[in-house]
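Before anything else, here is the set of structures, which you'll find just below.
What follows is chain A paired twice: with chain B in the first complex and chain C in the second.
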Partner chain A sequence: MGIPKHKKITMESTRMREKRKPGERLAVLVMLFYFTAFLLLAFRNSTWQGYALTFCVPAAIWGGTHILGKCFHIDTLLFSLTNFLCALGILVLYGTNPNLAYHQAAYYGVGLVGMVICIYFMRVFRSLRHLRILMIIGSVAFLALPLLIGRETNGAKNWIYFQSVSIQPSEFVKISLILVVAWFMNRRQFLPWFLCAVGCLILLMLQKDLGTALLYYVVTLLLFFASTANVPLTMLGILGGGGAAVLGYRMFAHVKKRVALWRNPWSDYENAGYQIVQGLMALASGSLLGVGLGLGSPTTIPVYETDYIFAVICEQFGLIFGVCVLLIYVAIIWRGTTIAMASRHGYQGLVSMGATMMIGLQTFVIIGGVIKLIPLTGVTMPFVSSGGSSLVSSMCLTGLIQGVASLNEDDLEEDLKLTEAM
Partner chain B sequence: MSDELYSVLALGMRYWFLALGVLIVVQTFLWLYRDHREKHQRLRNLPDAGMIGEFVVLSGGNDLEEGKVIPVPWEGMLGSSRHCDVVIPSGAFAPVHLYFSFEKRMGLMIEAARGRECYVDGVLEKSGKKHPGERMIHGSILQVGDIVLRLRLFAGLDVERKALRKPEDDVKEYGMPVASQGVPRPGYGGYADSQTEEEPFTGLHLVKDEEKDGNSKT
Partner chain C sequence: MKRQRKLFKLLAILFFGLFLILTLYGGYSVATYGNRWFSSSKNPRVRAQKEMVIAGDIYDRNGIQLATTDELGNRVYQPTAKARRAVVHILGDAQGNIANGVESFQTAYLYGFHSSFGELLSGLFTGEARRGDNLYLTIDSLLCQKIVESFENHSLTNGKHGAAVVMNYLTGEILAQVSLPTFDPQNISGTVNKNEQPFWNRATQSVYPPGSTFKIVTASAALKYLPELAEEEFECTGELQLDGHTIHDFGNSVHGLMDLKDAFGVSCNNIFAFLAVELTDARLKQMAESFGFNDNFLFRDLVVENSRYPAQAGRSDYEVGASGFGQSSIAASPMHMCMVAAAIGADGVMQEPVLLREVRTPSGATRVKWESRSYRQVMDTDVARVLQNYMRYVVTSGTGSRAGTRSMAICGKTGTAESTIIGKPVNYGWFVGYADDISLPIAVSILVEDIDDGQGGGSTAAPIAREVFQYIAEHPERVTN
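On to the complex of A and B.
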């Protein structure tokens, strides 16, 4: 007679779950990497904090994967890759400035909490019906704060300071923007999401945070295309964005300067072009295998800990390792897109797609700027760059994707139950 | 540790870190590939995963074959464009003709796209505030032009009998228009009681706006 079909499906799903042992192997590799790396640096610095990081970072990776995996149906692969990148940032910072690394480790803890909140948010608030207006008003108000009480930093007024803590509102507003835009696009209500996006863009232009404005614009446009498949309007949006870029070039002197430096940083290598030149030299001096962890001259690059951390990674670990880091980002984008496509509900799929595209686009913009593929902007490298706002918001975006992944798993289990019921 | 000793160690450990980095990437992409394959296997074993039912073509005009089955997902767009979630390759349907979403206990909610109209169980549904949407349950009929589709919901879906209403309840709670007398509304007796495929389809009396306003019906 053989095994009934529904039992075969149950057995196969059990086998599928057991095959999630690749998660164990990957976690072990990541833990081994960081155990040896932090141990090496701890030998050099001979501080108890170094030895503490040697054991705490791998333990956090292991514990997070297993504890969160038991609480929610999180995507273990995505979580492992996120942990790898976060720990890489802590490692590189520890090799150059241990204080920054301790702060980054603390922000990672906050980021984990943020990620769990976002997973919980996606699971509980499957509809934004009661929160959408509050989120729009809150986002615009929070984004307007730097203009009112903020301080200008590096030519942009996009930070607010509370005693010793500094926050970049645009990093957190991107989360609510994705949620609001996805909700209204799924409901096919054009005006609310359009007004919200335009409001945010205007505020960012006033703050002169053009890099973040670019991210907001492109992600909104991509979400529009994902939800409507309207090619003519999307092309119009691309043309409009191009027009705005040309207008920005003509209107803002610092944009002209950035483009000129991108074309030829050597023309002013001692002043304005110094950062780009030092970054390129760091990439070159690392060659294929790198100069060695904790070696090289990363501190000669201005703002190496945020904008040019990728150059520091390539200098110390080599270009091949740099390509590996890029491939990790590609894997994250692939996974996020797969989770979005597997979602049964439009709103959840759009949220996952928006979060994935935000991470992917931000990575492209910063790494493209570092390797002189495109003009440099002021965005950070997701998960890796120093900075609490950047790390926490990147973890929150991952939390949104994980929330959708856990809902997908619930839907699949329901399908299996329905199959057994037939 | 002296700087010279550290430099030697760090230079030696480059190969170790690079090897681990490459292994991590390889393991990642192997996992992605394995998951991709498992997903296809799962879809083969659960071909209806992600679907709530199917439309059966009762009358296809010149474009569709009668009896053709079209799977229906949880939510999406229906139209003739290939970008739609449910593609009806017929000139009677606009590229995006209507939007649908399945709500537990309620059934499949239908909302016509702007400027489009359709008939759900004989009741006109078109875009606009006067038409908040129509509800389809097991056995409900969707008609656009001369294309007639019947919805079959899968067993086990959470569409409770108490959610199945009489037309008068729809008027009370949702202000939905009442179908004219004599229009078959399959499913209101519970989807177990609905029209079966054995019952011949005899056509629908389509209720237009004027008739709903109280004018005499044919």
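On to the complex of A and C.
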């Protein structure tokens, strides 16, 4: 039969949608999980905010899935998975530091708005011909801001402050970088692609935000590979990146220190190694099944709420649950890739794949750091880590994917109409 | 477009691979190192739990209570200072002066981190204070006392620092482990001289040059790689020239013409240096590593310092020759040397040393009970049999005669290792050996630090080993129950 395979899959899913969307059933399970979990903590803390969360979080999940599902043809399965992770972040934070959880819940609302904006963006601006210059200049200027008006924290200068609000521009520049890079790659315009990527990298290096620089570098390189299939140049890029890493190791004292701590965090337990060691103890004390929601002492880990949120999850819920969380990320990558593969436009496919890889790589880098597989870099765990910039930008990335998904559905519906008309 | 789809799929698979690595590495490292991370004295979770849970009791293999908690929540050890001093390095102390004693390394059990949900729940209902699990160790605490006594009774070892390990070579159970100088955990300020580093567990935390006891490894390598040498005769002239250095024998003796067994029996350095050079560094290292040198020891119940065989290539003949008799940067703990002797006794199979027999819940039910497990097959059985013969010869008519008793067939190897500490030469006396008796499969390792001039392992360490064997022959029920 003449129907290509990817089309067959999406047609089947169209038929399934008519019966019932798989994401909606999942959403019910997610709601139940969070209802009981928040109720448990609310009993313990017995504050009205706790009970509010008990009802608001499941309600938000239900409402989001149904309302957004009606407005756009979004991928409800992907949406349920991201919702699960966002709510997990709020839950774990509520068990350790309630104030952070209330903020996180508010950021989640902002993130939903950001996601909708990104869906619109993908649907309205199908071409970046007129926007690209504006986007590049805007991104670079935004990314340069911390260097001009930022303050240095934890050795990196990557935040800007407006009175009580702090923003990490590199989190948001990610989104426009993926859009711009995908656009140039699709049109085979290598010089602007290259300049754009190198410009961002230099700015990040100046801010000493090496973790984010790594993410930008690898994702742009993989997007280059995905659109050109040029193995020799990609290999060259990987070697170049490796060379830069060695150079960075030689040049920067704090990189050297990071690597030494990764190899043996116990050597400087009292000071620099304290965080890694406490994280490992949290993993070990969680064992397979965890010590229980809201129990244990995960708050002894410095910055447990962002970098080390995975250790907190593992201590309270256990390693098996930790692996399940990893599986959810794997499912997100799988959905993102399917959506990218189903897209009929090179640019949109690349955007979806780029956003997916950004989420996947960021997760790998931070969890790999927590379990001491690779040296620790201060990137956040997408959707889960505390912090507005991180949560909103992760939601925006899924917004890009969802936008592509809804465009795919539109294309399919057009096809169906055409076949019916025939 | 089609190609792009394929590449997307490829990239997704790459990411799935990365996540698989995360899962496997995370699972592996928690399974391997989890207890070491958790039981670290730096873990604040343990400190918090200590406020809420009454620590469990610790018993030796004959049911003697080694540690308990009184009504006030203080840790109480045995009634006499003598008894407390003998086992303090195994148990550790309440202040945590000793690293990785049972008190700290097994906190997960002692402080009830393994309690089941039902136990927690019933504790809530009855309102009784929670108790941790009780531990039953493999050691015989009276044997530990006996070893401390032996050190004190012999004029050549009285007041010396040292260590001793006794284990069952078929099961790996540790029957005794002593480190000297020792101290009383209930009177630390009164019994401790910090300059002597009494908190240091010399049986497991320190590594020493093994000296001639390493000839067990060299002889094993020779029998494996150069089997024709066992038939040959060598001549010891008392001096061997290697790269412009001269190797002398202990006491500058000249042994003359002899075969491998005789050379092992009189512990001839020249012949073993010659053997090491003939074997080559690579093959000697290979045999040492199959004995566990350069391993990362991750035993379930014990933290043991890793033993070292020099790793760099291109060492001179002189250094390789010195390695043949356990010098030149080779180092091993008394615990590991006991495992080496045990492996010969067990026909070439090395057992993992174990210290925990059983963990019981506060109500007396078994929480966990372990089977012994072998660490590795070190060598072929027939090579081990030849070495058993050699080691028997050491005790019947060689340097280890002072370890022999009439009641058992003792096999062993002595050693006198040289080292320098801050420019001052220091000698260590070693005896490692085992009883060739299937009903009493006991291996021992004795180390005496800083022995007097002119003394060796045969005169210092071997007599203590003999008293261990005599004790076991007189009280077989204490160590085999």
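Annotations
Operating definition for what follows: the second predicted complex is superposed on the first by the 403 of 422 C-alpha atoms of A that agree within 3 Å, B and C clash if a C-alpha of one lies under 4 Å from a C-alpha of the other, contacts with A are read in each partner's own complex, and residues count from 1 in each chain.
By definition in this document, contacts are C-beta pairs under 8 Å (C-beta built on N, C-alpha and C of every residue); 3 or more make two chains touch, one makes a residue touch a chain.
Only a predicted model underlies this, so the values are computations on that prediction, with no experimental measurement involved.
When the two complexes are overlaid on their common chain A, residue A:Y51 makes contact with neither chain B nor chain C. When both complexes are overlaid on chain A, the residue A:W334 reaches chain B and chain C alike.
Contacts of A:R344 after superposition on the shared chain: both chain B and chain C are touched.
Applying the stated contact rule after C-alpha superposition, one finds that A:F33 touches chain B and leaves chain C untouched. Of the two partner chains, chain B is the only one that A:C324 touches; chain C does not reach it. Of the two partner chains, chain C is the only one that A:Y269 touches; chain B does not reach it. With both structures placed on the common chain, the touch criterion links A:L373 to chain C but leaves chain B unconnected. Judged by the touch definition given at the top, the superposed model places A:A229 against both chain B and chain C. Residue contacts after overlaying the shared chain place A:M357 against chain C, while chain B stays out of touching range. Note: residues 229, 334, 344, 346 of chain A belong to the chain B contact set and to the chain C contact set alike, using the contact criterion stated above.
Put simply, chain A touches chain C in their complex at residues 6, 222, 225-227, 229, 269, 277-278, 280-281, 283-285, 287, 296-297, 300, 319, 322-323, 326, 329-330, 333-334, 337, 340-341, 344, 346, 349-350, 353, 356-357, 360-361, 364, 367-368, 371-373.
The part of chain A that touches chain B in the complex is made up of residues 8-9, 12-13, 16, 19, 22-23, 25-26, 29-30, 32-33, 36-37, 40, 43-44, 46, 77, 81, 84, 188, 229, 289-290, 292-295, 317-318, 320-321, 324-325, 327-328, 331, 334-335, 338, 342, 344-346, 411-412, 415-419, 421-422.
By the touch criterion stated above, chain B contacts chain A in their complex at residues 1, 6-7, 9-11, 13-18, 20-25, 27-32, 34-36, 38-39, 41-42, 45-46, 48-50, 73-76, 81, 83, 99, 101, 154-157.
On the chain C side of its complex with chain A, the touching residues are 1, 3-5, 7-9, 11-12, 15-16, 18-19, 21-23, 25-27, 29-30, 33-35, 37-38, 40, 42-45, 48, 113.
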